[in-house]
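Below are two complexes that have chain A in common, paired first with chain B and then with chain C.
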Partner chain A sequence: MASIGTGYDLSVTTFSPDGRVFQIEYAAKAVDNSGTVIGIKCKDGIVMGVEKLITSKMMLPGSNRRIHSVHRHSGMAVAGLAADGRQIVARAKAEAANYESTYGEPIPIKELTERVASYVHLCTLYWWLRPFGCGVILGGYDRDGPQLYMIEPSGISYRYFGAAIGKGKQAAKTEIEKLKLSEMTCREGVLEIAKIIYRVHDEAKDKAFELEMSWVCDESKRRHEKVPEELLVGAKAAAVAALEEMDAD
Partner chain B sequence: MSRGSGGGYDRHITIFSPEGRLFQVEYAFKAVKAAGVTSIGDKLLDPTSVTHLFPITKFLGLLATGTTADARTLVQQARNEAAEFRFKYGYEMPVDVLAKWIADKSQVYTQHAYMRPLGVVSMVLGLDDEFGPRLFKCDPAGHFFGHKATSAGLKEQEAINFLEKKMKNDPSFSYEETVQTAISALQSVLQEDFKATEIEVGVVREGNPVFRVLSTEEIDEHLTAISERD
Partner chain C sequence: MDPSVGDLNSPHSMGTTIIGVTYNGGVVLGADSRTSTGVYVANRASDKITQLTDNVYVLQIRKLSLIMCATFSINTRPRIQLGQPATVKVAANLVRLLSYNNKSMLQTGLIIGGWDKYEGGKIYGVPLGGTILEQPFAIGGSGSTYLYGFFDQEWKEGMTKDEAEKLVVKAVSLAIARDGASGGVVRTVIINSDGVTRNFYPGDSLLLWHEELEPQNSLLDILSSSSSEPMVS
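Our next item is the complex of A and B:
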């Protein structure tokens, strides 16, 4: 359903006659064109994975990071315009540091999300700014346990059990719904996310992609880190095998 | 419906149309209705994080109808303002002062071109020291009025009609009757029974002036009482 804004879509400070702000909706489209980003909340932590579409064979693997640590206990996976994403990450890091220096403890994930969401929303209020063209999945582990949030370009944020944004988000969400997240450990979650990303990757439209994953869980001592190399390699192998098995059917 | 012949500019920023209308403000009202019901159907969403009821201070609550993102910004600012008021003047910010502040801020957005109006209708509630329980509704145009009962959102007109019938003779409801009237109003306009987990109710009452969101069990009790009464 693509409705043309025709004149009401030129500025973020303009409402259309049916009460929509088209600029914000267009910003969301930028997210939909990006590689899939998934996050799930397992019983002992959060796992996030990104389908990094490789645009050039000359690129070094491991470059163009899409998952960033915000604080010891939290990380963000960004979908959409990468440069915009860096701004959001920088702001999140600043908020986290500021909170810790004022209150003397690591920022609660809910508070961090609210601050970042506020900042994203701010850029939808002034005509001299444009909305961020990226969506963020924020995962962290604090006193209230592991939490997963998603922030959209409109500044809306909700807490999720599982979330997906980007190209394959519909297919990914269907797959995530099948999982029993509350009984899964993060180790198992890593395998599942790898399988889902491989499955929703569109071989026809996009050629190569690199899987980037991170977690924050009991096993990582509640620190946000890249998934350990052997686990990642194992997950990729399992995902490829599952895909071949599915193709063979 | 004839649109103004002001060359279309009146629809992009908040300036007057030739008939003297502010189209952008009118469209902001539409945004409140367009926001509709939040996507609770999403199984992956944690429903406890979806709320339209926000405590501003311990004693003041705000129900935001409309764009969620705009509502959160408003809530943040209102909380800040209420805290500063308490600090500066030494007593809790009264309901009408908060409502007026929200309305004044909204009016600025209708006059300054650099910011758009927020697509939120806020209902502020609290217990006033002198006047007892008070309810105010503020809209994107910068209006605010005190109400005995009111509604906002997609089916607001039907809800208001229902409430007018109930409140016609200026009855004095007890606490239970007040809560049940509000819930019945929702039931009648949505025309379907809902479970206790599908609505949220916030109250302030004399004797306990703290703004409180009711638990699912309490809402269940009220729902049962309503169905027994009918």
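Our next item is the complex of A and C:
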């Protein structure tokens, strides 16, 4: 694992002798401690799913949403510090609205990602700001088709077929790589993501979790929406069944 | 200054005819070429069709001498940010922002037309106040008042390129026949997936309409052709 910074990790404006900025790496650790977030690009759209860890039995189901709509055609799933995530989402919404009022068309997803990533990066440049402690998976459907991007606390953003962040990201990435995404529709993708999240959830360490999913695809008329209730219920049931089958082996 | 002569110090204004029509696969933009200051024709072969980007052109009617130099900002902004040429909608919106935000200083009506790979051929009208309106065809300028009925009858959806260009040339020449502030030559620009084509139709190649005289080299030719009485044919 990473060595202790010994003095080079006190400020985000300090480089270590081997060229690392420790504060940013520590921010990434905050993301790794949160529940898993997955996004995949299917042939007709994007599906995103979040393993929302429930900290108290008294929490109302459906509260503390981790997936937010940024614009009609795009949404963000957040992993890491939830309050930081709210800031990023608010900024993304503002950027999207501003773009549309200037250029008269919905913001292209690539442009939105670049603006949000610049904003995240901005907060790693000054000593009086701290980096965002959250990573974001941004999925959207514009005139160039469905696109999936991931933005890390360092401000780096890449375009992906499938992305995962959070606790179970390694296991999730292995599972996603097994899928044939270019032939999959979003309906099938919803089932697959539910299965993956149930599989990477660690029963021993964390107790309860709630599955939150959203999609933006041809079936949702290219609008970013929560996955319809019956589909979600069906996906959860299928995931539980698949898990039991695996345990039985 | 004798008012009957006309005010040669009047603002360099453009009574004009400008037209943009969409067809099946692109757009055709057309305009006359007369710039008049009062009754004096300052430029009889001006080019009212300005390039905004590779695939978007704009027609302007200018009533004040402040000219919208929008080309530079419109070309660079989307291209640098998005890494691809602007779509017609984006270019039109940037133009209308300039028109809307500076409406106290500018008086200009514009027609923006172009072709992009997402939406095909599109025409956007940006009249005086700076609103933006997408239209299948648009006409503007002092000469356009004579063309509303003509377009009501002649406009069709899904014309071919040649039909559209013939329509534009016919319309501009009709306007030139009736509007004193329009005249000269007819310039057209055709924008489609293959690129941009500029065409030029000199005034004497246009059809003559009702009661129009044949073009003459000199009025003396008419006078001397028949009786020795002047002004009697």
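Operating definition for what follows: the second predicted complex is superposed on the first by the 249 of 249 C-alpha atoms of A that agree within 3 Å, B and C clash if a C-alpha of one lies under 4 Å from a C-alpha of the other, contacts with A are read in each partner's own complex, and residues count from 1 in each chain.
The rule is simple: contacts are C-beta pairs under 8 Å (C-beta built on N, C-alpha and C of every residue); 3 or more make two chains touch, one makes a residue touch a chain.
Since this is a predicted model, take the numbers as computed values, not measurements.
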item: Partner chain in contact with A:E105 - chain B first, chain C second, else both or neither; value: second
item: Partner chain in contact with A:R143 - chain B first, chain C second, else both or neither; value: second
item: First, second, both or neither for A:L125, with chain B first and chain C second; value: first
item: Chain A residues touched by each partner, larger count belonging to chain B or chain C; value: B
item: Which of chain B and chain C A:G162 touches, first, second, both or neither; value: first
item: Which superposed partner A:Y26 touches (first chain B, second chain C, both, neither); value: neither
item: Chain B versus chain C as contact partner of A:F15, first or second or both or neither; value: first
item: Chain A positions touched by chain B in one structure and by chain C in the second; value: none
item: Partner chain B, residues of chain A touching it in the complex; value: 7-8, 10-21, 114, 117-118, 121-122, 124-128, 149, 154-156, 158-163, 173, 176-177
item: Interfacial residue positions of chain C with respect to chain A in the complex; value: 78, 81-82, 87, 89-90, 92-94, 97, 118, 132
item: Chain A-touching residues of chain B, taken from the complex the two chains share; value: 8, 11-13, 23-24, 27-35, 43-46, 48-50, 67-70, 72-73, 76, 113-117, 119
item: Chain C-touching residues of chain A, taken from the complex the two chains share; value: 102-105, 108, 110-111, 143
